[in-house]
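Before I ask anything, let me first share the structure, which is written out below as structure tokens.
Chain IDs A, B, C and D follow the sequence of writing; residue 1 opens each chain.
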Amino acid sequence: MSVLDVRDLTIQYLTEQGDALLAVEGVSFSLEQGRSLGLVGESGCGKTTVMLSLLRLLPEAGRITRGQILFNGQDLLQISEREMRAIRWNGISMVFQGAMNALNPVRTVESQIIEAIQHPDMKINSQQAVLRAGELLELVGIPAKRGKQYPHQFSGGMKQRAVIAMALACNPSVLIADEPTTALDVMIQAQIIELLETLQKELNLALVIVTHDLGVVAEMCDEVLVMYGGTLAEYANSDTIFNDPRHPYTQRLLRAFPDIAEPGSELASIPGSPPRLDDLPPGCRFQPRCQFGEEQPICVQQRPDSIEIAPGHRTACHLIAELER
Amino acid sequence: MQRSDYLLRKIGFAIATLLVVVIFNFFLFRILPGDPVKLIIHSPRMTREAQERIRVTFGLDRPIWLDVEALKTGDLPRVFDTQFTAYVRNLLHGDLGISFATRRDVVDLLRERLWRTVVLIILGEVLAIFFGIALGMLAAWRRGSKLDTGILLWGLFTWAMPTFFFGIILILLTRGILPVGGMSTPGLRPDDGWVFWKDVGRHLILPTLTLTLLYMSEYMLIMRSSVVEVLSEDYILTAKAKGLSTFDIFRRHALKNSMLPMVTIIALTLGYTVGGAIQVETVFSWPGIGRLMFEAVQKRDYPVLQGSFLLLAVSVILANLLADLLYTFLDPRVKPD
Amino acid sequence: MDQFKKIWQTFISKPMAVVGALMLLVVLIMALFAPWLAPYDPQEHIDVSISDILAPPDAEHLLGRDDAGKDVLSSLIFGARVSLIVGFVSSFFSMFIGTTVGLAAGYYGGRVSNVLMRFTDFLMVIPDLPLMLVIISVWGRGLWKIILVISILYWTYTARLVRSQVLSIKERQFVLRARALGASNFRIIIRHILPQVLPLIIAQAVLDISSSIIAESTLSFLGLGDPMLVSWGMMLNFAFERAVSRMAWWFLLPPGFAIVWVSLAIILIGNALEEIVNPRLKTHHLFNPRNMVSLLMGKPPLVEPEPTPEVGT
Amino acid sequence: MSNQAILQIKTLYKHFPVAHTVKDRLARRPHQVVHAVDGVSFDVARGEILALVGESGSGKTTVGMNILGLQVPTRGQILFDGHNIADWAKGRLRPDGSPEDLGKLSRRRQIMALHRRAQMVFQDPYESLNPRQRIFDIVAEPLEIHGLVSNREEKQARVRAALEDSGLVPADHFWNRYPDELSGGQRQRVVIAGALVLEPELLIADEPVSMLDVSIRAEILTLLQNLRLAHGITILYTTHDLATAGYFTDRMAVMYLGRIVEIGPTIEVLKAPCHPYTQALVSVAPVPNPRKRRKRMILQGEVPNPIQVPPGCRFHPRCPLAEERCKQSDPPFVEVTQNHKAACLLL
């Protein structure tokens, strides 16, 4: 059974004027223990919104209006806030984007890890907690004694490691990492990717990587969910996404991504820009930028449903059958 | 920044400020048109001995700043025998002159009254800080609620309210219920023990209430915006994701982080609080430094005015330094060595 | 300017701001048309009998008479002039000094900034009311002296605000870009930095008007007002000395509430301006968490999702 | 491509002083410096696109700032078309050569003359445009600063040409708008138009696509490439991203801790890197295909702080191949093939 099973998730944002913007619509995916999923898309495609909704941490204006989030079969949208608190960090934990801001600047790193360890469900005394915090820091490659320091005494890469250590405090079964490598230097990025890979194998984590960087996804994910304009564009295993993409957006996105293994090769960007939430096209959200959908009335008028074109390969495109031909 | 370096800078600044205040205090009473000291000497209310004593104390026969004549003749010891050095010498000996109005030593007057002002300010300030922080946090937590709006409105209203007028309103409202003037009921003396102190306490209520209610609102507004700011930080979201309860998030994260700007603000507004104390003491005839200054202004009692100003300025500068020291221990980003 | 048009539109959409503006308008009219509005001339010499002193309100004197037997309402109307002049003029001066110091310290940095900012800190540390008391009582009383003393003490906050803004704006890439294009310092300050800070400076200057008005009234209350003019603070000074014991509320309360009225008006305006030009609408992570899923639990979603059409494969 | 160098950097040093504390002053400790750029030399030929690659703190942006005279070099020479910018930036006048020589002008004029011919494109398109200016004013500002146009029509024509050259067609559709009405890619085009309007010979593009979405990166890079084709503009492209550099640059210089460690034709450097640092960088660059996953050569630790630079080869503390001699001697450049040099003792 999947540890995490998200079905038909739909999220709105209420604007100050009282309008409801459809930020995420009909996104579904599932993840098994020990596997990793990449949630990719450009800025504003709703990937962070999806991630925050998994722990019910949406900002004030966010509303989950439809769908289910099943964690070990239990729907997280139907439980009370108190029950939810028990699942946070214990069952599902997160590494937030921008590690520098995820640590409180006026408290020691260790105390912030301990705070997570002393989760009500963990029943651990303070001495054990200190030891455990030290272990966690060593696990991510930070000497335990540096836990007594404050975040500003850590470099960017070390903060990211500390945040990962903090996320592992309660032995979660699912770890969600939002842009874990963005804003880090190339070499530090590689260190963090390596670290996450090792941890995932050793701890048998179900890992969700939320990122805009296709390279990171190709490096470390088993499955990939490509999002566009708040909807699912394509969902398949990593090899299929990178070598046999079906959705026009995935195809063009891959062609726009430079490959260091083939320097000098042609790059083709996608003209136009992603749709704004307050100005969504009525039909397929990619239609205004799609080279196939220009004159297809169905693309302009109707939103495509995601359909399974092969076992485990879903995509949302009206023209998928024709494109195959 | 290193803690010792930060402290050295702050101490250096405090010393420089003190020096400037001392020099300013000297010149203000000499350079400005009308030369008050000379005016005083010709005051018909002064006895000849008092005039003579002032002349000697201020060294009025000497040049103001440097004795240029002595410098030219090479009479070095006399170069610094000026009004300014006389002033500094007197200051170092704790001599601030004598009051024109009461003919008492200004230092004695100040010593007698200082603690009364200190009690008033500390009491008012501590209560204002406590309630300001508590209400500010409450407003931030329940942003947009009726409570929040109420707190905001009260803040705006008291911001527009001159301290002395608020005191007057309280007097009009509580006439006959609470004592509205002085420090104790005439006739009672400290020897009466408990009864006397209880009476002083009753006299303290209105002045303290005025200071608290007015100064609380500023702390409240600042704390509110500071907490709102902190609550939008990512580490709060992280704390929430860790499964911490709202109470724990406030206690462990929001409070300390929003206290940092508060310490700075409290230090910066100390001078303002002293100004408030002058008004409150005037309105409620509380016999402290503020009331003393008010009376000195009325009677043009310059030595008292000069002495009180010096004392208040020095106290505020020192209190500020204290707040800076506190800050270095609260904020880990100012590193210990 | 589009920018100011936008600010104005947001401004008039805020009820508090409109209330403040209307309140200020009343005072402005009072001050401008004082000689026509006031029933009596407060400067006029009059003969009074004992019964006229602190006489309670009646049909002839709507707010009664003061301790000299004069009409309180007329003094109140003329007093608006003093408050507004002191408020606007000192706040203009302090805005000017503060902006200049802040721009210079922020943009040029280094030694210039050090000297200017230490001086600013110095003025901020010295308790201002005692300093004003000392200066005015030595220098002598007078409207312009009060205005000057207030302006040279009240620019410090503006200077700090401007400096901190300039420090961050100066690091922004569009300033670097202007430098890379070859723009002179003057051009960068006038074209690229000042327009960013100006709205904030104006909001701060508006708030300063109210601080200046309160400062003037406090000085007058403490007996250091201009002896040639009737200001609200001075009225309170007389009233406090003589009217409290007789509970002559008609002499005590109107000038006090007039001060509160005008400074509240200005604070409402300034506060709204500040909110507009310096929005701090960030997400707040500790709200009532039930909101997030409440719609799911039985209540209909706000927007009905479009029916999903069938698509043949 | 002509072989004449438009830009020659000769042993450029840029050191920033570290803040001196009161205690340091009392203890008479010497002033410490950040070695941001520490002896960099390279040439850029007219019409060439050179990539300056490095992690943050490698000094690549500082090099760009020094070339434009926005910072004053500590030591060394920057020759732009034969004129030493380092001297101008210091405000020292050195008249030499023909009467039109830039050296005859005052310092301000010299810097202006430089900025007419060399321009910069910045990293963050959301930050590099003044939010209170309209697009037209943004693009026209350089013309005003340099007094290049006399009337409105001429100004409009030049702004239009610059905007359309940058791919914002039709120009009048954009020029009355404010920056916040445009997308990131469009803003970056406006920044480029603002530089192009002066018809510069050299363009320094400082990480111009790192803040943009993947789908629009390529169009900005293609635009830069086309500028070279259409106007013969020389481009210095600084980046931390080897993959984008591989896409459109001719040569590549890899920087580490204020020094260039390897320089050569882009394709050669990426296909056959010589310096261990370049090898590591190439090996960790993510490849967008799970079938091509490679063995990553991960360097441990982080770039040391540029205040205390390691002795000998500055890369040795992190170099997986380091030997004893690497700790002692500073490696010279070794020519691997023609035009391809690397600074490593093990070569």
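Rule of thumb we're sticking to: a contact is a pair of C-beta atoms (placed from the backbone, for glycine too) under 8 Å apart; a residue touches a chain by one contact, two chains touch by 3 or more.
Just so you know, these numbers come straight off a predicted model, no measurement behind them.
K.L.:
Enumerate, in label order, the chains that touch subunit B and subunit D alike.
P.N.:
A, C
K.L.:
More C-beta pairs touching across which pair, C-D or B-C?
P.N.:
Between C-D and B-C, the larger count of C-beta pairs in contact belongs to B-C.
K.L.:
Report the chain ID whose CA centroid sits closest to the centroid of the full protein CA set.
P.N.:
Most central by this criterion: C.
K.L.:
Where the centres are mean C-alpha positions, what is the separation of subunit C from subunit D, in Å?
P.N.:
Comparing mean C-alpha positions, subunit D is 48 Å from subunit C.
K.L.:
Quick check: how many Å separate the C-alpha centres of subunit B and subunit C?
P.N.:
That gives a centre separation of 23 Å.
K.L.:
Would you mind pulling out the distance in Å between where the CA atoms of subunit A average out and where those of subunit B do?
P.N.:
55
K.L.:
Can you give the whole-Å distance between the Cα centres of subunit A and subunit D?
P.N.:
A distance of 33 Å separates the two centres.
K.L.:
Could you list which residues of subunit B touch at least two other chains?
P.N.:
Those would be 237, 240.
K.L.:
Name the residues of subunit D that each touch 2 or more other chains.
P.N.:
If we look for residues of subunit D contacting two or more partner chains, we find none.
K.L.:
Any chance you could list the residues of subunit C touching two or more other chains?
P.N.:
283-285, 287
K.L.:
State the interface residues of subunit D toward subunit A in the complex, per the touch definition above.
P.N.:
Answer in residue numbers: 55-56, 183-186, 213-219, 221-222, 240-244, 246-247, 266-267, 270-271, 280-282, 284-293, 296, 298-300, 302-303.
K.L.:
For a test of understanding, state which residues of subunit A touch subunit D in their complex under the given definition.
P.N.:
42-43, 155, 157, 185-191, 193-194, 212-216, 218-219, 238-239, 242-243, 252-254, 256-261, 263-265, 267-271, 273-274
K.L.:
State the interface residues of subunit D toward subunit B in the complex, per the touch definition above.
P.N.:
Answer in residue numbers: 21-23.
K.L.:
Taking the touch rule as given, give the residues of subunit B at its contact with subunit A in the complex, in rising order.
P.N.:
So the residues of subunit B in touch with subunit A come to 233-235, 237-245, 252-253, 256-257, 260, 330-333, 335.
K.L.:
Would you tell me which residues of subunit A are touching subunit B in their complex?
P.N.:
Those residues of subunit A that touch subunit B are 55, 57, 85-90, 93-94, 96-98, 101-108, 112, 115-116, 119-120, 150, 152-153, 163, 166, 169.
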